[in-house]
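Look for chain A in each of the two complexes below; its partner is chain B in the first and chain C in the second.
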Partner chain A sequence: MSFFKEKSVFTRRQFVKGSGMLVAAAVLTGVFAKFGFDAFAASDDYIEKRIAGMYSLDESMAIRKSHENPEIIQIYKEYLSPGEVKPVSEKAHHLLHTRYGKDIPDLMEHLKHDPTEAA
Partner chain B sequence: MSTVLSTGLIQVTNACKACDHCTSICPTGAIHGRLGQKHTINSQKCINCGQCLINCPFGAIVDRPTLDIVKQALNDPDKFVVVQEAPAVRVALGEEFGLAPGTNVKGKMYAALRKLGFDQVYDTEFSADLTIMEEGTELIHRIFNAVGVEGFEHTGPLPQFTSCCPAWVKYAEDKFPHVLPHISSAKSPQQMFGAVAKTYAAQKLAVDPADMFVVSVMPCTAKKYECDRPEFISSGFKDVDVVITTRELAQFIKDVGIDFLSLPDEKADRLVGSSTGAATIFGVTGGVMEAALRTAYEILSEETLEKVEFTAVRGLQPVREASVNIPVKALGKTVPVNVCVVTGLKYVDAVIEDVLAGRSKYHFIEVMNCHGGCINGGGQPIRRDLY
Partner chain C sequence: MSDVTGKVLKHGEQTRTMHWVHLVCFIILGLTGIGFYFDVMGISNLFGGPANASLVHRWAGLVFTAGPAIYILLNFERFSKFADTISTFTKDDVGWLKTMGGYIPFLKTEEIPPQDKYNAGQKLLGGLIIVGCLLMILTGFPMWLWRHLVPPAFLAVCYSVHFWVAVILILAIAGHFFLAAIHPKSRVEFSSMMLDGYIDAEISAHHNEKWFAELEKSQ
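On to the complex of A and B.
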């Protein structure tokens, strides 16, 4: 009875060829993925070196806190808040702060009608 | 609603091989084109970060060049040209001259800028310190308001987000308008510098601010967009006239034929040019947070920090958090300040959703678009050796 007779869609030769291609595809995927991961790892390497450069520069600085910068103290005492160091003073607010999104047209209107007295 | 002009600052050239690498990098999905089809950038959606540009394997993506504008200004005898350089420039500029990444070339950078003809060589690190003073004070005011101290009712809500990164600011404006009241109103260091240069510095130097031309050297392409935003005119003039990238400065130095490596180490000009270690680390993810903590801790506790490093906020994890107990002298009690640092905008959405839903436990959140911070910005030397 033909029901029990073994039938194959592939010939033996086609099966060997097909398996070989599948194995090759799997191996190549691995190789390319490895290449990709290596590129990513290398990219983190230069990032880490630049970061290390920044932190060692920080350590080499004589002053390491913003509020101790003598020119910062000077600009507040002489210009932004005369006589004292007072951030968010009126002048500091005018020069050093901004607004975002839908508030920008208002801010620009204000800047145009209230030109800085400093100029 | 996008209130800012669409600039088309970042463009894909015909060298595009349609490999699709950039679309996987773009944080806003602004790059269109299928595999095998030349890509285009939607400038409305683009936040100008330039990550696609520095990561394109074929060098097919470019930013709008601005070096010629700087050369013209330097050749104009009527213009008084001052320059500022961002912290991250000094640890990467040397790579364009064969030095290892991370080599500090600060002194040679100042010397090169003087040789190129800038009238005053200042430093963005000065205005980074100024940012800490303003942004840190704003945070203290918001915390005082939240714990019910009188006189701080007009401050914004907590948590406060940083505002230094123009890619992040545009992203929030485009995608999360409800989070804008949480973003610090302090300008970025670049824009603060422009505003004080054309007022305070011009007055001190007896220069007409109309003749002053402010150039920035930035590790960032989004800074080119930021300086063109129409609201940055608080000095009465355009606060920062033009931005060039780290790559363009290197190009300029090579064009003029300066032997960069044999330059002596010089210093920045005084007045608005001196800086601190806190300002230097602005160029790294977590650096703005650490600098703010150093100042906020000392001002609130009225004590001197024994150890200035807050290592908990350092690292390359996309989202990091820490809690710092600050003994607040004015309130007579210790307040825990919860902070969060985000690097990479694809990680910020979850943090923002918590804030908008009122679930966030943080007081202060630093956001930078680029992986690792400004040191890996879209204007930095491109590491083609990786490919």
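On to the complex of A and C.
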């Protein structure tokens, strides 16, 4: 029985095509990586602009801290902690703090008994 | 059929090993990918649950990348010959595509043009697999290693490309499997790539006439 086998002849054309395919793969990798790095840079740029925008918006506000807000101070003095400004008072805790997730069923039960309490 | 007798070594040992490694990885990657993309617990559980399936997918992806890379480095000559064959299209290849090599029942043809070591369909599949695998690798690793660093928009592109290229590759490989292992006209190819590398010279002279003529001349 005769056996046929390819002879090891490596032509210039084959070398160029093999190398070309690897170069094309490297170029595609490079283009894709550039796309990724550009997207990363654009995202970073957006985040920095957003931070700058938030700071500039904050700086232009007349009242920049909630505990210095006259309306909040008045609400505490007149209702949440009568006669004084006491953050996280019992009433403030119940009215201003909410519950979520697995605490919701308890809250629903609680509201059934005391629907006047907001949270 | 011609009256040629003997055997032809069509695929060398390292090519067959690489094909096996890629095949096993592709099946694992396809199954795990389908399992956790479509949330098919039956498939994910074969790999120890969704979390383990995800781990298996990533490490199989690494072997899927390293296998051909090592093969190309160690067999650059063989790879270059493959690259040369699949990127060479002549009027014979166009003629094969017009008749689809006689594989499609309603596309009857009298004469199928002589083919190289790979027919025009195999050449297209070779190109598709190289480009497809490269895209899978390029989109896969950022999803694994840099998912917390890259912007969500870039990650979304990676997910979409990864998914749609996977769909195309799975369909293409299903067709490849059907023609190479099941179709009566071409299933003799199966043992050549999956077992000993040899194919009957008579079949090669018929299916790969141009390549076989060169082989005969060079003996």
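Here, the second predicted complex is superposed on the first by the 99 of 119 C-alpha atoms of A that agree within 3 Å, B and C clash if a C-alpha of one lies under 4 Å from a C-alpha of the other, contacts with A are read in each partner's own complex, and residues count from 1 in each chain.
Everything that follows uses one rule, which is that a contact is a pair of C-beta atoms (placed from the backbone, for glycine too) under 8 Å apart; a residue touches a chain by one contact, two chains touch by 3 or more.
Note that the structure is predicted; figures quoted are calculated from it, not measured.
Visitor: Given the touch rule stated above, what does A:Ser19 touch, chain B (first), chain C (second), both, or neither?
Guide: In the superposition, A:Ser19 contacts chain C only.
Visitor: Would you mind checking which one, chain B or chain C, touches more residues on chain A?
Guide: Here the partner covering more residues of chain A is B.
Visitor: What is the contact status of A:Leu96 with respect to chain B (first) and chain C (second): first, second, both, or neither?
Guide: The first partner, chain B, only.
Visitor: For A:Phe10, decide between first (touching chain B), second (touching chain C), both and neither.
Guide: second
Visitor: Name the residues of chain A shared by its contacts with chain B and its contacts with chain C.
Guide: 39, 42-43
Visitor: Mind pulling up the chain A residues that touch chain C in the complex?
Guide: Listed in rising order, the residues of chain A that touch chain C are 1-11, 13-15, 17-22, 25, 28-29, 32, 35-36, 39-40, 42-43.
Visitor: Contact residues on chain C for chain A in the complex?
Guide: 5-9, 72, 76-77, 79-81, 83-84, 87, 130, 134, 138, 142, 146, 149-151, 153-154, 198, 201, 204, 212, 215-216, 218-219
Visitor: Help me check something: in the complex, which residues belonging to chain A touch chain B?
Guide: Residue list for chain A touching chain B: 39, 42-44, 46-61, 63-72, 75-76, 79-80, 85, 87-88, 92, 94-105, 107-108, 111, 115-116, 118-119.
Visitor: Can you tell me which positions in chain B touch chain A when the two form their complex?
Guide: 1, 3-4, 87-88, 90-92, 100-104, 106, 126, 128-134, 136-138, 141, 163, 169, 172-173, 177, 180, 183, 185-187, 191-192, 195-196, 198-200, 203, 209, 230-237, 270-281, 283-284, 287, 291, 294-295, 298-299, 305, 308, 314, 316, 371-373, 375-376, 383, 386-387
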